[in-house]
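One chain, chain A, links the two complexes that follow: it is found with chain B in the first and with chain C in the second.
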Partner chain A sequence: MIATAYSLGAVAVFVTSAILIIVGALGVIVVKNPVHAAMSLIMTLFGVAVAFVAQSADFLAAVQIIVYAGAIVVLFLFVIMFLGVDRREGVRVEPLVGQRPLAATGVGIVVIGLVALMARSHWVTGAMSVSTKGAPLATGSGNVSQLGTAVFTTYLYAFEATAALLVIAVVGAIVLARREHSLDEESA
Partner chain B sequence: MNVPAAWYLVLAAVLFGVGAYGLLTRRSALIMFMCLELMLNAVNLTFVTFSRTLSDIAGQVTVFFVMVVAAAEVTVGLGIVVAIFRRRSTTSVDELSEMKG
Partner chain C sequence: MIATVDPLYAHGVTLAVLLIVLIKVVVAFAVLLNAVIVMIWFERKAISDMQSRIGPQRWGPFGLLQTMADGLKLMLKEDLIPAEADRFVFKLAPFLALIPGFITFAIVPVGGTLTIAGHPVLLQVANPPMGILLMLAMSGISVYGVMLAGWSSGSKYPLLSSVRASAQMISYEASLGLAVVMVVLVTGSLSTHDIVTAQANGVWHWNVIRLGVIPFVIFLISITAELNRPPFDVVEAESELVGGFHTEYSSFRFAIFYLAEFMNTITMSAIMVTLFFGGPAGWVPNVSHLRWVFPILWFFVKTVVFAFSYVWFRAALPRFRYDQLMDLGWKKLIPLSLGWLIVVAGFLIAPAWGFAMGAVVLLAWTMLTRAFEIGTTRERGAEAVLPVIGARPLPPEVLREITDEGNV
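Moving on, here comes the complex of A and B:
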């Protein structure tokens, strides 16, 4: 594959997002302090958002920044600081002998297998799926309306189910985080 | 012309591998959740790449739903972490072994 066959801008965007993603991901699994890991996670999430924009998934890139980097990582940071668990875990200790080599071997096999699957087989990049009924995917921000149409017509029931899922998740989180003896304290 | 889809697919595979390695080796439940997010993002990137390659909006719709489920999962998961920390004063998964057979 020769890089000059593609436009320089696209290659530059890809390299930028790749660096952001890989450096951030390595930061998450290497650093000791959970707060720093959360910051590295934000870096990776921004890299993925760049990759989304480069592949004309503008709406998902915006949601990626707002929901992931804005809400989920802030939730992580709240819990980290609420629990005060920063600066505790030592990365150097290895409680299980041979766990890291085994993990590295297994992960290496999976990644090499995925790449080999992409390189050698054509069925994964073959024909259009049967769900493509309308016009082909518009480039740029033009497919936001396509995404909205798909969500509110073909996938309407799944969309309604996510509403129920979110309500259940919120109620569950409140029940889990509630102090169990708060009623006793009030009555006492 | 955009770069070929294989570049993004390989990038997503590497990101998935890094996340899986972190999930297998780290001890803190919080870091394990973050590694889970890395793996989910790798899959999302794959979905978006195939959505572009096959010119099919269904891939992006799937990513949308994955994001919703990930948000719900993090909410409940961190709630469980907080509840465990209240009882045990630790988030290390090695010390939570009461249900060991």
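Moving on, here comes the complex of A and C:
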């Protein structure tokens, strides 16, 4: 049913991006050195960007690279460098008792949920078709205008709430970082 | 915009199309590499002239082959990897610095459209729908080259340098992106081909004039900081950090960093021409053949002007201090570009909106200036704290003796 629709090129692109994503994701959790793990994460992000391009979501792909690979992982690396990478964490002692069985249960639930979703609908996301309204990305008026219209009409409140949240986070971070030592602390 | 994809692929991908793309890639690669060789010679020669020196003169006419000789020398040197280095990342980092320069050049339109064997060929390697965003993405990736090079060397000064570099590059990416957004806003398309065609009808349509000169200035400053070129080269400040992030590199890997720096300089000059100066647009004489050569010539001339301006910066301007650099980026360029963006957006709707937005921006600017003023003139140090406690823990003369004031 599904296999008929795809050309050889599309399959090749999909397989490439899937390999990038999976190898990168495994690298993040397997590799011991945190910097190598961050680089695996970049690989995953690139794989996701390739997948986006294959679906004609060019703008999303570019944003994926600019924001995630270009800024967020750089910040990760920043933190890793400042904290010192040589400090290996002792994994022998569990900081949270019973977290492993809980995590295993969580993974089990997610996997079962995904399988159930795949069985019921065509897409893993659960949506029955990709475009919500208007034309799909490949034939519509272009990525940017479609996304812009969606963000500033349908999802306006969510967008504004996110913006407010980010501003609060930034202000909070600055307040925490620039807190001047209170006098009691100094005299004590 | 999906309507603007390369017309080359309109009738499917045949062998001829594949061949044309291959040739474009190889030619672009070769041209860029040769341009780097000439650029290095040009920079050294121009700076020598400005400093009343002779500069390279031994190899080839006017010392043109000096870069080749240097490159050969570097390749024959011993390739050292420090014992403390992270070997894999250490070997990877130079390429992470080099490749973004190449990829960015792929989207630069060098000329108009040619017809080769019945196929319309854009004189740019690729015209992806994401267009100019590719340049932003690649400048984001080039941070890794510097950052990982410094970290993987396993040495203190390169690490300090790479932390500086990444902070600097991320900071200036914001104003860089906003300047690009203004160009995209007036063009209505992300594709570099569309950006260039929108500026084709004379000098008054060039974005540098259409947007007011400010976005261009913002872009020029940000891109210089992004490239870590003087006067923003705190990354390799010799007096503070030995050689910067590539202190531990030698031989071919060092050559790659050197290559990457100059390649990025050329690519960014080309991007600047594309975004603000109409790319290959210019006067074309009415001759029957060879009309397609003139746009390429115009593009070349404009790019050389900017390449020269970088050299000039290097010769003329002293290096910024790190805090000055951050102040310029965060307190001046980002607010300025945000404000100008709002004004441009207003004028695109209606002149009345434009003026209204201008007034709003002016108000915000004064408030921001006042806020900075309060922030910088705030009382600090012992005098601000001690009166609150009431009594001084030590007598003033003892205090003065143990602080700097006593020594002056």
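Keep in mind that, in the parts below, the second predicted complex is superposed on the first by the 118 of 188 C-alpha atoms of A that agree within 3 Å, B and C clash if a C-alpha of one lies under 4 Å from a C-alpha of the other, contacts with A are read in each partner's own complex, and residues count from 1 in each chain.
Keep this in mind: a residue touches a chain if its C-beta (ideal position, glycine included) is under 8 Å from a C-beta of that chain, and two chains touch if they have at least 3 such contacts.
Values in this document were obtained by computation on a predicted structure and should not be read as measured data.
After overlaying the two complexes on the shared chain, residue contacts for A:L83 are found with chain B alone; chain C is out of touch. Number of chain A residues touched is higher for B, counting chain B against chain C. In the superposition on chain A, contact is made by A:N143 with both chain B and chain C. Once the two complexes are overlaid on the shared chain, A:V35 sits against chain C while remaining clear of chain B.
In the overlay built on the shared chain, the residue A:A71 is in contact with chain B and with chain C. Once the two complexes are overlaid on the shared chain, A:S56 sits against chain B and chain C alike.
Of the residues of chain A, those at positions 56, 59, 63, 71, 75, 82, 85, 137, 143 touch chain B in one of the two structures and chain C in the other.
On chain A, the positions that touch chain C within their shared complex are 33, 35-36, 39, 42, 56, 58-59, 61-63, 65-66, 69-71, 74-75, 77-78, 81-82, 85, 137-144, 183, 187. Of all the residues in chain B, the ones that touch chain A in their complex are 1-11, 13-22, 24-28, 30-31, 33-35, 37-38, 41, 44-45, 48-58, 60-61, 63-65, 67-76, 78-83, 85-86, 91-92, 94.
Taken together, the chain A residues at the contact with chain B in this complex read 1, 5-7, 10-11, 14, 17-18, 21-22, 25-26, 28-29, 34, 37-38, 41, 44-45, 48, 51-52, 54-57, 59-60, 63-64, 67-68, 71-72, 75-76, 79-80, 82-83, 85, 88-89, 91, 95, 99-100, 103-104, 106-108, 110-111, 114-115, 118-119, 124-125, 127-129, 131-132, 134, 136-137, 143, 146-147, 150-151, 154-155, 158, 162, 165-166, 168-170, 172-177, 179. The part of chain C that touches chain A in the complex is made up of residues 1-3, 86, 88-89, 128-130, 133-134, 136-137, 139-141, 143-144, 147-148, 151-152, 159, 162-163, 166-167, 170, 173, 177, 190, 385, 388-389.
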